[in-house]
Each structure stands twice: as C-alpha cells, then as structure tokens.
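Okay, handing you the structure first.
We call the chains A, B, C and D, going by the order they appear; numbering starts again at 1 in every chain.
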Amino acid sequence: MQVNEYKPLIVAFCCNWCSYAGADLAGNNRLNYPAEVKIIRVPCSCRVNPMFILRAFQRGADGVIICGCHPGDCHYTSGNYYTRRRMAALFSMLDYLGIEKERTRVEWVSAAEGAKFAATMNDFVEKVVALGENKRLEDLRCKK
Amino acid sequence: MNNKEYLQEEIIRRSGVNPSKCMRCGKCSATCPAYDEMEYHPHQFVNMVESGDIEPLLNSESLYKCLSCFACIDRCPRNVEPAKLVEAVRLTAIRQQGANRMTANDVPQMIEEDVPPQLLVSAFRKYTK
Amino acid sequence: MQRVGVFVCWCGSNIAGTVDVEAVSEALKSEPGVVFSTNYQYMCSQAGQDMIKEAVKEHNLTGIVVCSCSPRMHEATFRKTAAAAGLNPYMVEIANIREQCSWVHKDMLTGTEKAIILGKAAIAKVNLNTPLTPGESPVTKRALVIGGGIAGIQTALDIADAGFPVDIVEKKPTIGGKMAQLDKTFPTLDCAACILTPKMVDVAQNEKIRIFSYSEVSEIKGFVGNFDVTIKKNARFVKEDVCTGCGACVDKCPMKKIPNEFNLGMDNRKAIYIPFAQAVPKVATIDPNACNMLKNGKCGLCAKVCTAGAIDYTQKDEYIEEKYGAIVVATGFNPISMDKFDEFAYNQSKDVITSLEFERLTNAAGPTAGKLLRPSDGKHPHTIVFVQCVGSRCDACAEKGKEYCSKICCMYTAKHAMLTRDKYPDTEVYVFYIDVRTPGKNFDEFYRRAVEEYGVKYIKGMVGKVTPEGDVLKVQASDLIANKQLHIDADLVVLAAAIEPDKSARPLATMLTASMDTNDFFTEAHPKLRPVESPTAGVFLSGACQGPKDIPETVSQAGAAASKVIGLLAKDKLTGNPCVAHSNELMCNGCSSCERVCPYGAITYSDKEFRMPDRTTKIRRVASVNPAVCQGCGACTVACPSGAMDLNGFANSQIMAEVDAICK
Amino acid sequence: MQKITREQLIEKAVALLADGTVSCVLGWSKGEFDYDVTPAIFNNEEELKANFVFNDFCGVNFSKYLVAKTQKCEGKILVFLKPCDTYSFNQLLTEHRFDREKVYAVGIPCEGMADVAKVKTICGDGIASINFDGENLAVTTLYEDAPVMISTNDVLAERCVNCKSKKHVAYDELIGDEGEVIESNRFDEVEKLEAMTPDERFAFWQNELSRCIRCNACRDACPACTCEKCVFDNPNSGVENKSPANSFEEKMFHIIRAFHVAGRCTDCGECSRVCPQNIPLHLLNRKFIKDMNEFYGEYQAGAEVGSRAPLVDYTTEDLEPGEVFNRGDMNA
C-alpha cells in the first residue's frame, strides 16, 4: 500500500435488518473492502435524513452511500420505498447544484448478499477516488 | 463461440423469446392446428432452441408448416411465444439461403377462389422476411 | 456529561489479529466522557462481563461502549450485563470492530485506525443516549377469528380450549367454508362432512365461542392486545335466537329459482334458505334480493308458517363493537374465474366444470344426490378429461392466471379420478398434467394407486382446446411423452382451477395495516421462523389466506396460530420495544406528514392547548405516537419538516454525532 | 393594471364587516413607499379607507398569515386571495394549519404583479412615488422632474410571467370572472440549468447562493415554512445556524429548506419575491416539482385539499435513485 495514496472518507448508512447484516456477512466471509468505509447503523434506510448526508459532506466526507433491504423486502414493509423517493429527489437536486453525482448512491443489499456488499463498497470507493477530494460540498472551517 | 452457440444466441435474440421460461406443459403443441404436418412440434422447437439443437430445425420442413396462427402464443401459460421462435428459425434459414421465397409480384398469381386471403397474408408475412 | 466506560474485545485473535486492541483502548481514553478504558480477551465471557459490571461500580459509569463483534451478535448480551450492573440496558453501544473491521481489513495499521474511529462514533452516540424503558400495555383476553372455514374453526376451538373467549366472524350464513362443500378428502378418503360437521357442532356448543355469521368486520382500530373492532351483522330477517331451523319456511317459500351458491349454481334454492342440513348456526336467512316481501311487500308466507315467530322483515344491519387482544385472519380462498380461459369452453358448455363443481356433483348432499351426471343432460359421462394447472403457474405477463402453484390440485384431481374409476369402472378417465406434485405424507402413494390400481390415464401434456360439438366435447391435447397430439371425445371436462385469496382479504389487510404480497396473500412476519404471524403485531394468519394449503396443513397452521394467540393472551401486560418514535409537541405542526408514511398507523392527532409567551393560549393539532404500535422504522422522522418527530435509540442528534465522529 | 379596484374590495369588506360575516380583514396596507405594500389587519371601515391599498405591488400571499391570525382573531377573518394564493391556502388546509371555519375567503382575479427590482432597472433608484395610470406606472424619482412611464407588462414579476394558474382552487366568494389553469413555461429555466455541465451549474449556484445573507426572509415569507420551530432555529437539531458562517451553511440551509417544502411547495414564488439579494430560490423548488412530476406523475400541491404529496407516497415500481442521473444525461 502506498503511503501517500489519497484516502477518501466514506460514510455508509446501513439498515439494521438487511444491509448491516449483509456487511456482517461480508465480514464472516472475510471479503475485503476499503477501510475508508465507515458504517452507521440505522433501523431502516428510511431513517436516513438528508440532513445526515449533507452533514457528512459538510464535515468532509467524500462519498455517502445508503444501503437498505431490497424493495419489497423492507422489515417495516414500506420504509425503503420512501427512501427510494426521497433519495431520488435529493440526489437529483445535488446533481442540479453541480455536486458530482458519483458521491452519492443508494444500493439494496440483503442480509444474504455479503459479496454484493463488499463489491458495492469496492466499486463506490473506486468511483469516489477517481473524483478526488470533495471540494464542492465541504466545510473548510471544519476540516482538520 | 462455436457455430452452434452462435446460432442459438442469434435465434434467441431475433425472436426475443426466452426458451428457458418453458415449463414443458405442451399446451402449444396441444393447441397447434398444423401439428400433424410438423416433424418438430412447437414444444420441440422451444426445447431444441433451449438446448442449442438448431441445425435439425433449420433443415426441417416444419418451418414452413407453421401457419403463424399464433394460437400457441395466445395459450402459452408462461408467455414463451413458440411461434416467434419458429419464425426466427425460419428467418435464419431463409437468410442462410440468401433469398426470399416470395415477392409481392408472386401474390396475384396465387389468388384463387378457394385460397383464403388470410393464408396469403400469412404466407407473405412468412416468406418475405 | 456521561461517564463512559470503553471495553475493547480481542475476540481471541479474531479482532486482536488485525487490530491493535491496546492502542484502541488507549486512544479512546481521551475521548469526551470516557473515564475508563480497557481491553480483554473475550468480553462476552463471564469474566469479561464481570469486568464490565465491576467497572460500572468502581467508576460510576453511566454509559458503556463495547468494541467487539456485531451488535447483531452480542448487543443483547451486553445490555443484560449493563442491567445486571444496575445501568439502563439502553446505555450500551457497540462498535462493530470484528465483522466490519478486523475481518475485512488485513493490515494492522488500517484496522487499528478504523477501529478507533468506530469506537469514537460509538462514544459520541452513547454520550447522547438516554435511559429507555419499554412501554407496557394491557391485553384484552379475547380473540377474534375472521373467517369460519376449517382454519377459523380449528383456531377458535384451540384458543377456546385454552380458556380464552373467541369470536368468529363469518360472512356466509353458516360456518364451514370450502371444506363443507367437499365430498371426500385426500389421501384417506374420509368424507369431509363426517370430520368437519362434528367440529362445527363443537364450535356451536362451546360456551367460550360466539359465532357472528352473515357478518363482516367493518372497522379495526387499536393495536396488539387492544384492538377495537366493529362487526357488521347483516340483517338476515330471521331472529337467530328464535329460529329453530325446522325449515317450514323454506318449504313454503314460493321463490324457487334462486341459484344455489352452496352448490355453485348447479341447482336452485328458495328466497329463504338454510345453506345445508348441517349448517351452524342452523338458522334460516332471507335473501333480500330475491324475497318478494322485502322487495315489494307482497307474500309474507314464511312469517305465517313460522310457529316460532322468528321472521322479522324489519330487521336492520346491526353494528357490534368489541375489544380483542389478538386477531386471526382465516379468510381462505376461492377458485379463480374461468372467464379468461376461452380455450376450455367453460362458458360455452355446461359440461365443462371446475373441480369444486365436480366436488358438489359427487357429493351425496349435492344437486345430483351424489350420482355423477352431466350437468347438461343428466346422463352418465363415459369419458372424463381432467385438466390440471388451469391458471396456476402462469407467467406474470400472461395476464391470466396466477404465477404460483395452487398446491392442492394434483391431489384432489387424483382423488376425483380415483373415485370416478372406483364408482363407475366403465368410465375412461384422463388426467392431463404438467408435473404431478405430491409432497406429503401418503400423497405419492395415493397418486400411484390412482394410476396403478384404478387405471386412471395420466398423460404428460396439456389440453390446448375444448370444442363442444353436439353432446360431446372435442378435446385436443398433447401427449409429450408419446410426442403425439391427442383428440378425445369427452363427455365431461373438469378444470383444476387455480385458487386465489378471498376478495375480502385486501380491504381487511388495509384495516389491519397488515402486509400482503402481489397475489393478495397475507405476508408472514418471517417466511421460515414466524410463519403464522403477520408483521403487524397481534395479527395472526391461519389457512389459505397466507398461501395455498390443503386441509392437514391448514389445520396445523390453525393450531399454530392458536398457540401464538394463547401465548399472547396469557400475558397480562405487553412490553414493547423502547426504540420507538416520539413527537415533541412544542415543535409539532400537526401537518400529518408522519401519519401518511407510518406503515403501522401508530400516529394519531389531538388538539392541545398551549400557553404562549404572551400569556395567551393557543390550540394546536399535535401528533402522538402509540409506543405499543410503533415498530421504530423512523420513516416519520424524515417526513417531519420541523424535526418534532424523533426516534429513541436512533435520535437525530445521535446519528449526527456519529457522522461528526467519523468525519472528524 | 388590475381589473378590480381598491374601492370594490373595500366595499366588499365593509359589507361583510357590517353583516357580521367577518370580524376583521386581512389586507394590504400602505407601506413607507408606494411599492412596499405590507399585510395588515383592518378592523373597521375607517381603517380600510385610510390605509387599504390594492395595486400592482400587492403580491403578498396572505395564506400563511392565516396560521397565526386565525388563532388570535375572534370570529372570522376576511382574506383576499389571488389565484396562486389559493393553492397555498389549500396546502395549509391539507396540513391542518388553520381552521377553515374561521376564514371567509374572497377570490380576486390577478393580472400579474410588478417586480420593483425590474422597475428600478428602468428608472433607477430613488423612487419617490408611483402613480397607477391605466396600463402604465408613472414613476417619479428623486432625480428626474418628469415621471417615467413604465408599462406594467414590462416589469411583471418572474412568477407572474410564468403564471401557472388564473383559477381559484378555494374560495367562499369570487369577485370577477374565474380563470383557467395555464400551460406555463415555468420549467424552462430549470431545463436550461439541467442542460449545463455540472461545473457550469456549480458555478451558477455558487454565485447565486454566496450572496445569501441568511436573513431568513425566504423562510419567513414561505407559506410552506410554517413550522412551529424551524430546524435551523432548534439547538437540538444539530444543524442550528442562524448566520452564514461559511460557504457551506447557506447550501445546507437552502437544500434542506427546499427538501422540507418538496411536495408541499405550490410554487407561489414568495421566496424569490422577498429575497433582498435577488437569489432565484424558486429554481430550487421548481427543480423538485419538475423532478417529482417526471418521476411520479403530475402533482400540484394545493390543487385539492387532502391530496397525498409524492414524498409521502410510493409505488412498488418507482425508479431507483441511480436512474435519475441517466435521465439527466439523456436530457443533456
């Protein structure tokens, strides 16, 4: 590993029932993904408030990904459907403001998809690394 | 990719049919009015395309026995659409031969009192692709 | 300020192999609120737990962070540990440094760095944790069973047997359901009525069970343990408690040409009727659409002949309100309509019938008194063709039929074929099948007997077309094994129509806020581990409303649902999940956004008076969350523009603190 | 030039006050200048005759004021609603923000309101007075002797140029003729932005939003922003911030504000009208409206009371968040 390699900061919101369990399964199967990914556990993807995402960007995150149960599989029956609409609207707005669209993503990962979780994270980090540091939505004051 | 696989893929692509959806109920063959004329019956078309057995189909007269009545498409519970497969194989055969078997000019000579117009329409549809 | 203790687990070498646990516990010492930080080989072991308990006492800890395996593994363990040490169990946070760190990263430096950040996030969160206490709610010790078929009957009997009162709501005039219409049952061939009707009598005689027949559920409010249900008792124009079921009224009724639903319209009934001899309750019902007296005030014969004086033409629909602790859905199934299957000529010929109609034709109490006669001319059929999978296993795009296997058709068709050959050896019986599916005790043996002993001709293939011609039905089919097209002149064609959930299920699911799949079958809370519970707490599933089922399966599910209900009703109080939403009334706008996204109907509104800074008062509509109903998804918290709605255990400020800790 | 006159409205108000239908009137009052008309409560004929105005600068959307005023006022309030105001009126009713029984709504036609910023670009600063002269405004400035004649049509506010509806969707009584919902070009500017490259868009918004002084005027005027306590004022929300401390704060504020009103915003345009820095805030709201129309079917907030906004609704077939960009690429 190179010492000076750019390391992005990635926040992943994972729903407790599917994606967090999927991330655990990735661990159980020892599937590697970059350590830059830090997971925050939420009961359901619909718990993710756009404010959390913006806050992460404000504090220097380079990418934010939200993972939830596959549509139709939500533990709470409909939570991820609301997530899908809210994030579609929010991401489109961020794109409209000129923020790189690769910095945000929603992915459905079930509790059985450890491999998908790892692959998703690898892919997402790769895309964010290609973009480089998040300058557009970053709060300079809060940066170390 | 060998020729067998290529042919299979080509036919699946051309027909837009997914033969693996077939659950082997045989309703297509049960419903087929040209069944007795055909060497390979509609359900066999589906099976043989699925297993990549295209050559025998290409060389079979069955291709031209299908009336394109689409009863098999209508009745198939799995939406497999066997007639479209037959059509795609037919099209492949015709393209391989490099010639259409029928042109618009041929139609007037075929019009006879006891030939139903639907037959000419089907024939034209079939032999001009 | 919280006094936080940090406990870093080695998990043997599982964590310690890739994470420098010493460095982690050292680094986390200087985090805000942390007063104690240590590491140990196995935190979840008895010794590890004792270490936590001691530290809580010694350092007066108010919060605990355990850096260990996934909270899905040991969160519950450490919460218990905290409780044992006198802390609120919800003052524990887990930093997942095994599954999401040591196991996925190979490099010690990277692993340690990440573990520290995950620890910081957990500390940031626990600093904002508040002690949570699960809410308690009382349990009304009465159950409601919706649907009076074999599923509902069995569930009700089992619940009543445990000593709890049960009400059955059945929309037909009698309980019994589909099973009452059947002739014999596979694979034992005992008669359905012989095993069902004693149960129906048991229900009628059980003093813990009330039957609301000819009734439907019109409103459901409340939540697990505390449902408020309104039952609409449709006017049957006969006083139930007075009618003796003697049938004198039925004999005298002049309206004779009403299609008899019980025999699927294959014969007629009167305007006043008792569906069948063993009906429970055995009470007459007047069909308001057929009765002359009710339509134009002319007749009144039934009232004249009724010696008990049970007829009441002025009876009105009645609404009954009752409280229940648990609700069991047992709404059952129906065969699908054959209208879209023109190829089988169901609507063109009376001699093309469904299997349920065949069931009535062979039933001793049916329209032909059990003699197998063709509906068209009453002659004995000599060639019978059975067609399986009519409308089952269809592609979703085909737009007719259902995608699923209806499960019961293979067996009842084998039964019909076998019984026909048994009673009428001169008949030829063909069964066209795609697959014969017989998983079940003695099922395959049964099917083989039909073939081997009774000479039923099973043909692998499908019927493509049925054409009525004169008094025969020309059947065109394929025999896939022989690779032949068959042409059979049949006298009777029997279609094994797919089954679908009863139409009343969908509106009921809406009332219950219970979820359904795309086919309108009720969804179970977990397909394997909680198969008789709906995801909506307090709602249980019995029988074919959850998916196609035969009688043995239905009865076992009915018993299972009953045991779940008994388990619930045996409790005096229910403790809930404390991680539920709550609304800050001072900030709530009463805008209803949260209510619209709540999948459980947990949010209600009321007008409250608020004192304003200028000493005036103001009445505002504010939301409140019923903690017994809320499951804690948090959809409302994002729908709420003012941020009045927040979630215990996953508060806005807590998640924000985690974000900040990670992005620091 | 408005089709109805101040006198007509006063006459109506006086009549309703006299017969006891209403106990007070929410109307426009003279401000310090002829163009800064302010909302006010009038209790009697004298007050109305003295201060009530109605002219091309009466853009204020009164709907929001009903939330507070219906709580304070004994009896019914008379409110005059222009067509676009009625959408906000309905939306607030959908959200149960005031008691419909306490309001007597009179719908009035609107020919479009003038934007004083546009007037100033023609005649310059220092407007001393404005007289309403037929189709024209006669603007007298401190620096010119003769009044400058400006056609109202040349200085119409953006939201009026792109007026979406002349139809009243709620009222107890209507003065004048009912209009129609209009096929407007209000999304053209959003489309223009969408067609830009991300860099151009970023530059555009950076330029616009960096002018923000966080005066909160947009929030205070917005009929959808009627929260009892705004998250940006709430120390527990984690995003409390009252001033633009850095380049991100105003982005956060405006994105969150637009998100909070998404599906509830009727596109009344009050935010842009009141912005002292002339930031085209309506372009944020319209982006959400346009997106939701395209993703989930046409929806006009406030068109009817009780409708379900797209963000508190769903279908199982909705498009995936990742797909919104593919569409964008196709547009570009």
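FYI, a residue touches a chain if its C-beta (ideal position, glycine included) is under 8 Å from a C-beta of that chain, and two chains touch if they have at least 3 such contacts.
All figures in this text were calculated on a predicted structure; none of them were measured in a lab.
The remaining chains, considered with chain C omitted and nothing else moved, group by touching as follows: A, D | B.
Distances from each chain's CA mean to the overall CA mean are smallest for chain C. Distance between chain A and chain D, defined via averaged C-alpha coordinates, is recorded as 36 Å. A separation of 50 Å divides the Cα centre of chain A from that of chain B. Centroid to centroid, with C-alpha atoms defining each point, chain B and chain D lie 64 Å apart. Along chain A, residues 50-51, 55, 78, 82, 86 each make contact with two or more other chains. Across the assembly, chain D contributes residues 231, 237-239, 311-313 that each touch 2 or more other chains.
For chain C, the set of residues that touch two or more other chains comprises 597, 639, 652, 656.
This structure has the following touching chain pairs: A-C, A-D, B-C, C-D.
Interface residues of chain D facing chain A in the complex, by the touch rule stated above, are 190, 193-194, 198-206, 231, 237-239, 245-249, 251-252, 255-256, 258-259, 262, 284, 287-288, 291-292, 295-296, 310-316, 318-325, 328. The touching residues of chain C, when paired with chain A in their complex, are 70-72, 96, 98-101, 103-107, 110-111, 113-114, 117-118, 121, 515, 523, 535, 579, 597, 599, 631-635, 637-639, 647, 650, 652, 655-656, 658-660, 662-664. On the chain C side of its complex with chain B, the touching residues are 343, 389, 393-395, 397-398, 401, 434-435, 460-465, 476-480, 483, 485-486.
The touching residues of chain A, counted against chain C in their complex, run 1, 9, 11, 16, 20-21, 23-28, 30-33, 35, 38-44, 46-52, 55-56, 59-61, 74-79, 82, 86, 118, 144. Considering their complex, residues 50-51, 54-55, 57-58, 71-72, 78, 81-82, 84-101, 104-106, 136-141 of chain A touch chain D.
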